[in-house]
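Note that subunit A is present in both complexes that follow, paired respectively with subunit B and with subunit C.
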Partner chain A sequence: MVAPVVIVLAVLVLYPLGYGFYLSLTDANEANVARDIGAFHAPATYKMVWFDNYWSVLSGADGDFYPRLIWTVIWTLSCVVLHIAIGMGLALLLNRQMRAKLLYRALLILPWAVPAFVGVFAWRLMLNSQYGVFNDMITAVGLPAQNWLATPFAQKTAVIMVNVWIGVPFNMVALLGGLQSIPKELYEAAEMDGASPWQRFVHITLPGLRPVTNTVVLLGCIWTFNMFAVIYLLLGQNTTGEADILVTFAFRKAFTGVSDYSGAATYGIVILALLLAFSTFYRRRQLKTEQA
Partner chain B sequence: MRRGISIAAAVCALALTATACGDDGDDGSTGKAKDAKDISGSLTYWDTSDATTEAPVYKKLIDDFEKKYPKIKVDYENVEFASIEQKFKSAAKTGKGAPDVMRADVGLIPEYASLHYIAPLDGTLALKGGTDDFTEGPLNTTKYQGKTYGVPSVTDTLGILYNKKLFKKAGIDKAPTTWDEFIETAKTIKKKTGVEGTYLNPDSYFLLPFLYGEGTDLADTKSKKITINSPEAVKAVTTAKKVYDQASAKVDFANSYDNMQTSFKNGEVAMLVQGPWSVTDDLSGKAFKGDEGNLGFAPVPAGSTGKPQAPTGGHDLTVYQGSENLDAAYLFTQFMTSSQSQQKVAEGTATLPTRESAYTPKVLEDPRIKGFHPIMKTARPRVALPQVGSLFTPLVQQYTKILQGDVSVKSGLDAAAKDFKKLLPGYTIGS
Partner chain C sequence: MTSATTHSPASVTARAEAAAPRAKKVRGREERSTLASVALHGTLILASLVAAFPVVWIVFISLGPKTAWQSPGEVLGNLSLDNYAKVLTDTDFPQWFGASVIVAGGTTVLGVFLAASAGYAVSRMRFPGHRQLMWSFLVTQMFPMAVLIVPLYELLARFDLIDNYLGLILTYATTAVPFCAWMMKGYFDTIPHEIDEAGRVDGLTPFGTFWRLIVPLAKPGLAVTAFYSFLTAWGEVAYASQFMGADHYTLAVGIRTFATESRADWAMMTAASVLILIPATLVFLLVQRNLVSGLTAGGTKS
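Take a look at the complex of A and B:
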């Protein structure tokens, strides 16, 4: 009874993937694919170029790929590190005995519950250099107004900040779940043996959380690497393109003017390959540490 | 195998002749419809006009159309301007859900025409009555490789909009006519009144008056040359950078358009390079509300060619090539762009008609139309390239970097030219 699974996989995964890969080996764009528009019929005139697209991307000849890749990696690393660090801090705070714990937890989850585009637009309004609340606050205490979204550096900082705001709640909830699954007896025993709070954190909490953190880091990396909404919506169209990560760059390729299907498909396949390589490597390393 | 190819070619040729014949109204489907009253069916119309201020006027016009031709039913849909291109293209490609008639930005005509999404209109009902009455600027936007693909519906261009009271306060009695004067005026206003002189819109469309003022453009279709990094273009962008550095309020690049509008209509900025579409919004701000005469109009400043020139903007009505009801679509297009319809739209929305005869004394009573009507003489068509929409992306990225001082004007434009070359097969980079 393996047939249904195979069919579903073929339709949902293999066909689109295969077609994308096929497109990436051609020079297809919106002007040379086959179209039937009313009485007008245009035959397909694109041709196979085999690995030309990959060559021009990977050799750096197109001049776009490596700058985008470097920024995508920086973006992913900084977002994931901040997500885990802040999420862990909040989870530790919430894991203690306190009153109104549910209320705090609900409030901290809020950024995650808001649809991403609503959150991002709210941030865009707040960061508006002339009419945003941020500048109102700092000018009220006598500091000079800032242009929060102007230069590439400011834009990069802003997108990281907003993405951290959106992503921390998930990490917090996941890590809180992990914390609660660590047996209390371990802490009691360690306390009896005279372990300091720091020692307890390093030797009980961190190893106890490992199954959770391993998954959260892997998911976080994949999500952040492909996080489209924050960058595309926060910066709008009038930007230098410096803050574009690989996916937003590929999107602009595919959806501005006459669409470049083969170029966008090439980027799609390269992104997929990078993520596959990363997760395979990550899982391997994980297995090794578990066996050790 | 060879026979296979020739049959395919013959089928293609037949298909092409069929469309061409359809245009002349000779073949079966259109032949019967000699009398417009006999056309029946339903059609979908996608409109991009402002949903609150303009759409009601168009809807009323559609009611008139349905009254006049009771056999035709029009399905009106208002689509946001920013998203219509994506929406139309994905529908047009698959042939499912595309509208029969659409209001398209004039800059998109070459792209849609080259992709065969929109139907040629020469000889159809849509252009019945000829095109002599249309103003030259908007009419030029409908042509692609010798055929007509749209009927001009609304037109616009860029000009200077200014706050007369602020000018008076600064002791200036007329709008600047060159970019140097523009910068001087802005500086004087800032010095005398404390209000910002201008707000430079960092969008690449608003860079075009600078380029045209030096007699250059993004590319030259005749010699197949990319001219965005020509010495003239370098001069043009250097001027734009000078305006930004010396005369403009601080630009918020991510919110540039909205901030520009808000600060102008609140009286925090004295003059803008803007289009007539913004005037209704301007007049709603506290600087102009109840004091419409305070808003001044002037042509864009001239560059070193001495001639003020700005892009022709606006919208043309286009007919989807795959429409199942082409006759009704042609008829609807004709009705909506007739002189009477344009007068009604102009009176109701204060947008600029594309027919000379629609500029009646009553239409010209509106200060918004009267202000921009003479400025329309400065309008010139954009370079008719299908890829023009794609070119604006690398251009705006480099322009932003240039304005922010990250790269020099020359190297920024060289980089833009390199990106243009990837998008324009067969073009060389001119010197």
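Take a look at the complex of A and C:
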């Protein structure tokens, strides 16, 4: 029964991956790949350059990799931390008995139902520096208006903000589910023993949530590291390039100007290697704490 | 159990406080003061506003005249559905919408079917590579599309699947299925094995057991899977914009034709966005009751 999935994945993921790896060892770009010009078929003229691409990326010779990597790590960390913190806060609040609970839950999950590109357009409208309602709101509470989609720092703040808005509901729902699976008896016993709310949170809630948080953090890091739509669509062509993470940068390499397929493929493989290393390390550390 | 071994003053007073109400048998974690109630509802109302505002805002702007986005104040005096009429009659919107329905519907059906069967297989059967398979599901989430998009293009082109709905559906399935299978596996793990055995005893085939007994029990998990697959396909931009020609644009690509390099036609964009939101919200409303239980028992617990 698992065969269909394995076949589909193997064909549609492994083959392209292998081919991508092959491309990363060549100097393929738009000018030298095989293509049809009218009835005339031009054969590919690119050649193997072996690890030259990797060398120029990793040695910093192309000048783009390390700045993009640093920003990608900052972006991933800040998004994941905010996702978990806000998601956890809201999940804790929603996990109580109260009126209008279902209404709150439905409203809070709403951003998850909004397709990312619609959400991003809504934010672009709101963040417009001249007419956007967002500046009106923050000046109303005394903060200075910003040209959100223009300067690198404002762009970075804006993409993180939008991504947090989009990503919190998933984390909230997952953590809420985790909270509900913690046996009530544990809290009752702790109350009997006189544990304060804070002690109950630290000694029951957090350990009880660990299976959920482990998975959510790992998936969150992978998804955020590879997040495309938010950055690409929010900044569009206006980007200064400063707010590009590795993935959007690689996409621009492949599809703007003279398409640099080998360069984009190299970035892709490097991204994959980074994520693999991270998750292997994370998993191993996780197993260690479970055994301890 | 109640005999204390630690005697710090704090724990003693805390215990004393806890002990008194316990005698009345009414104290619970759920009881709170008026002030705490106000704080709780206040925080949740604020959070709900933040969550809903961008959506409310585009609905609001879409109901106004063409220049409403520059002067939102005009909207209330000039409410109209003109933007909607224009989007639906003067543009290719209905066509994009149809394309998205086909692609998202196809992805959902294929995604749910593949994820459920794979999740069940991993949950119940022991086969070589069983553990590696779960790991490889996770690894597929790490493949950045930047590396996949060019080779995938070549691959689909070879099978004549470029500018073809099936090609896009298959591509989306590779994104959605691994995560969903992972989640379904966790969900199936919570369904007792005795049910499978009972089915076997009653003479059902493995597939029969799965289809007749397990699938109905796994509805919350399947609902989340359907929701996730649908949204993946409904909102994806990068593949759709590279793989589809103008005749087969999906909404995500089509709506971008309302925005040029320098300026966006916000009247059209907001109206179109609201129309795009409607099916997503409907799917969401259908499954939202199941989201929490489906996601919990599922992937988050593997």
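What we mean here is this: the second predicted complex is superposed on the first by the 270 of 292 C-alpha atoms of A that agree within 3 Å, B and C clash if a C-alpha of one lies under 4 Å from a C-alpha of the other, contacts with A are read in each partner's own complex, and residues count from 1 in each chain.
Convention: a residue touches a chain if its C-beta (ideal position, glycine included) is under 8 Å from a C-beta of that chain, and two chains touch if they have at least 3 such contacts.
As the structure is a computational prediction, the values presented were derived from the model and not from experiment.
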{"item": "Which superposed partner A:31 touches (first subunit B, second subunit C, both, neither)", "value": "first"}
{"item": "Partner chain in contact with A:212 - subunit B first, subunit C second, else both or neither", "value": "second"}
{"item": "Which superposed partner A:131 touches (first subunit B, second subunit C, both, neither)", "value": "both"}
{"item": "Touching partner for A:255 - first (subunit B), second (subunit C), both, neither", "value": "both"}
{"item": "Subunit B versus subunit C as contact partner of A:152, first or second or both or neither", "value": "first"}
{"item": "Which partner reaches more residues of subunit A (counting touched residues only), subunit B or subunit C", "value": "C"}
{"item": "Partner chain in contact with A:15 - subunit B first, subunit C second, else both or neither", "value": "second"}
{"item": "Touched partner set for A:80, first subunit B, second subunit C, both or neither", "value": "neither"}
{"item": "Intersection of subunit A interface sets (partners subunit B, subunit C)", "value": "124, 128, 130-131, 236-237, 255"}
{"item": "Residue numbers on subunit B that touch subunit A, as the complex places them", "value": "8, 11-12, 15-16, 18-19, 22, 86, 89, 92-93, 95, 111, 114-117, 119, 202-203, 250-256, 259, 262-263, 320-324, 326, 386-394, 396-397, 400-401, 404, 406, 418, 422-423"}
{"item": "Subunit A contact footprint on subunit C (complex, rising order)", "value": "1-2, 11-12, 14-19, 22, 27, 29-30, 37, 40-41, 43-45, 47-48, 50-52, 54-55, 57-58, 61, 69-72, 114-115, 117-118, 120-122, 125, 127, 133, 136, 138-152, 154-155, 170-171, 173-174, 177-179, 181, 206-207, 210, 231, 234-238, 242, 252, 255, 259, 261, 264, 266, 269-270, 273, 276-277, 280-281, 283-285, 288, 291-293, 295-297, 299-302"}
{"item": "Touch list for subunit A against partner subunit C, complex", "value": "1-2, 4-6, 8-9, 11-13, 15-20, 23-24, 90, 93-94, 96-100, 103-119, 121-126, 128, 130-131, 133, 165, 168-169, 173-174, 176-178, 180-181, 187, 191-196, 211-212, 215-216, 218-219, 222-223, 226, 228-229, 232-233, 236-237, 246-247, 250-251, 253-255, 261, 264-265, 267-269, 271-272, 275-276, 279"}
{"item": "In the complex, subunit A residues that touch subunit B", "value": "30-31, 35-43, 62-63, 124, 127-131, 147, 149-152, 155, 234-241, 252, 255-259"}
